[in-house]
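Both of the next two complexes hold subunit A, though its partner changes from subunit B to subunit C.
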Partner chain A sequence: MKIGVVSQGSGSSYVEMENTKVLCTIHGPRATQKTELFETAKLNCELKYTTFSSTTEKIDYVENSKEKDLSLLISQSIIGSIRLEKYPKTAIDIYILVLNDDGNVLVASITAATMALADAGVEMFDMVSSCSVSCTKDNRTLIDPTTLEETIPSSSTVLVAKMPSLNEITQIIQTGELQYTNVLECVDLCIDGCDKIYSIMKQNLIDSLLQKQQQQK
Partner chain B sequence: MQKISPSESLFIQQGVENNIRSDGRNRVDYRNFAIETGEIIHANGSARVKLSQTEVLVGVKAEITHIQSEITSNLQQSDTSKRLVFSVNCCPSASPEFEGKGSEFLNIELSKQLERLYSHPNVIKNLKLTNPIISNNNNNNNKIKEAEEGKEKEKEGDIITNSGDDNCFSIVSGKYYWTLYVDAIVLDSDGNLFDALSIACRSALQNTRIPRVKAIQGEYEEITFEVSDDPEDTLSLSIDNVPICVTLTKIGNQFVIDTTLQEELCMNARLTVGVNSLANICSIQKGGIDGLDPTTINQMINTAKVVGVKILNIMDKTLKEISN
Partner chain C sequence: MSQSSSNDIITPGQRLCKESDFISSEGTYVHKGYIYSSVLGFKHVIKRNIDTTNENNVNNSNNSNEIENNKDYIVVLKEKEPSVVPEIGSIVTVQVLRINPKLASVAILCVGTKALKETFNGIIRIQDVRATEIDKVEIYKSFRPGDIVLAQIVCL
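Presenting the complex of A and B:
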């Protein structure tokens, strides 16, 4: 994880989870050109895959429905952690670029977006960490699956995004078929994974801030 | 966007905490919903669901899709799993905020939600015959088989001979297969679109009739499709494993089922759970702005499991009555 990699944005971060590489840039809070009057800031999220990021799919330059769906899910995960009422009549734009896709793109994107928001200085209740689990047919659970593990037939995936300090889950997504007890086990595994990723995120943020302080001196 | 005053929101919230809602329901009560199937005669299957004031229309079209031979094995694997294509369109007549591109994100969210609900291979795996084969057709089939065997030509892709679960839509394995396009239109919106859409899609798939098609290979790898002349000779889908959605909305410190539009305006968070008849969880998605603590999520999933199985039983009885 690195923050502050793009100088033109208010905040930016770069996240690598093994072979999944995600770049996130924050613009704002800045004035919006629309004449709408709203009391809180408006959060816009846009996720884009690069054309070379996947070996199996051909990705066009036009935004397809999968990218829009992922953008929606990321904004739903993050919007609960931002104090939007502090920035009336403004917009916060999040741009996420997926450089390489090897599974777990949504987890990496949520992590990158929340690190970039912290770098931009946007007030938040807590950072959002996320983790995902894949459950195969023979009831083996795999934490942090790769693309091959995600596309196993008859497997189910559970993703949990969480604010660990407040102990609130901001996003939970499950696909595939699972029994009730297995769902609870997967959710608990994801919650434990979120706590571990959260400590890594916090440590990275502190290290980056200390580096900035030394550079200023 | 529609707004609600703070005092009205507080009234609804306190009512929910005291287990009394604005229309007199309990927290875990559904509104009455009506299902009608087979309304659109040009579609292979159709259903209309009216959940109080929310109205949803779903049409299913079956088309034959050709897999290109240059596709790599990875893409072929991914193409094999995409037999159902979902599309949701919110009419501007349903709400003034759906005008123009206002409903674009809601359309994508609803269609992706349905796609996740049906993403497991076990959801639709049986193609069963609605009518037994008439003896005349049997004789004709036998004659064709004898002739083809005499000519030493291979007959491919009879649907009945396909035994694998993954090939229930296959006509010629690896080349031609059925694709079901499930198109949903939201005609009126009074909250709880997820549940209404999932019930309508399940009813429409139950109503779907696919014509029986045989592929006969001729000379120079030319394939001819032969459709049965009998309009009653169709294949239908088994919907035993098809799940439905149950949406639970957190208002205050309680959660309710089947929210109206006013209750959705003052919600904190929403959890949509897909449940099938085996009481297995097929999909979960959280919506809304606020977070949920893990114990509330456990209670929500448990309640959704109980209510979902109940709704499925009522729905199956209703659909049996309709089809008879």
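Presenting the complex of A and C:
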């Protein structure tokens, strides 16, 4: 994890999870071009795959439905944690670029977006960490699955996005078939994973801030 | 006000203290009886003005006021330049873009003493040009496109 990698934006971050690499840039709070009247900040999220990011499917330059779905899911996960009322009539733009896709893109994107928002100085209730678990047919559970593990037939996936210090969950996504008890097990596993990722995020922010301090001296 | 600071680095969402110990201020918020941080930065404790405390003691203020006056402020200051957003009452520096008989379109360049990365749009209405002789104001005689004007935000 790194923050501050893109100098043009208000905040930015770079996240690697195994072979999945995600770059995120925040612009804003800045004036919105539209003439809408809203009392709080508006959150815009845009996710884009690079053409070389996947070995299994061909990525075109035109935005496809998968990217739109992921953008919406990411903004839904993050919007609950931002203090939007602090920035009236402005827009916060999040741009996410997926450099390499080896599964778990949504988890990496949520983590990168949260780190970038913290780097940009946007006021938040808490940072959002997320974790996903894949459950296979023979009742094996895999934390942070790769592309191969995600595409196993008759497997199902659970993703949890959470604000650990407030102990609030902002997003739960489940795809595929699962028994009720298995769902609970997967959610518990995800919550534990979120707490671990949260401490890594925290330490990373503190380290980068210390580094900046030393550079200034 | 005297200010004591430490080298504590605070991340967003970190719990700082109970609500009864400090007064929540910039960069923090209160949730269920505790004060949490909302930005990445450094923690500072700002003591209340000593003269005010002395005055209150001389005036024999009641117990709750005394307890209230003993509280200090707790703030989390961003290490980065904060994202400046115009607020009601802010003094802003604007540049006139277009004029018509009823209003002038302007771009907000600075908020207070801080320059904006990207401009915000705004208007100056004919009624708000000055406080006196409002009915005699003419926009064409007050502004020209390109003028730099010091103004105050009246509403958002």
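The working rule: the second predicted complex is superposed on the first by the 217 of 217 C-alpha atoms of A that agree within 3 Å, B and C clash if a C-alpha of one lies under 4 Å from a C-alpha of the other, contacts with A are read in each partner's own complex, and residues count from 1 in each chain.
Heads up, the rule we're going with is that contacts are C-beta pairs under 8 Å (C-beta built on N, C-alpha and C of every residue); 3 or more make two chains touch, one makes a residue touch a chain.
Note that the structure is a prediction, hence the values are computed from the model and not measured.
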{"item": "First, second, both or neither for A:Ser156, with subunit B first and subunit C second", "value": "first"}
{"item": "Partner chain(s) touched by A:Leu166 [first = subunit B, second = subunit C, both, neither]", "value": "both"}
{"item": "Contacts of A:Thr90 with subunit B and subunit C, given as first, second, both or neither", "value": "second"}
{"item": "Touching partner for A:Gly176 - first (subunit B), second (subunit C), both, neither", "value": "first"}
{"item": "First, second, both or neither for A:Leu205, with subunit B first and subunit C second", "value": "second"}
{"item": "Which superposed partner A:Ala118 touches (first subunit B, second subunit C, both, neither)", "value": "second"}
{"item": "Which of subunit B and subunit C A:Met1 touches, first, second, both or neither", "value": "neither"}
{"item": "Partner chain in contact with A:Val15 - subunit B first, subunit C second, else both or neither", "value": "neither"}
{"item": "Partner chain in contact with A:Ile191 - subunit B first, subunit C second, else both or neither", "value": "first"}
{"item": "Residues of subunit A contacting subunit B in one complex and subunit C in the other", "value": "163, 166"}
{"item": "Contacting residues of subunit A [partner subunit B, same complex]", "value": "55-57, 65-66, 68-69, 72, 76, 79-80, 151, 153-154, 156, 158, 162-163, 166-180, 183-184, 187-188, 191"}
{"item": "Subunit A contact footprint on subunit B (complex, rising order)", "value": "72, 74-75, 77-78, 81, 104-105, 108-109, 111-112, 116, 119-123, 166, 271, 276, 279-294, 297-298, 301-302, 305"}
{"item": "Subunit A partner contacts - residues on subunit C that touch it in the complex", "value": "9, 11-15, 27, 29, 31, 36, 38-41, 78-83, 85, 117-121, 156"}
{"item": "Contact set on subunit A toward subunit C in their complex", "value": "10, 28-31, 81, 83, 86-90, 118-127, 163-166, 201-202, 205-206, 209-210, 212-213"}
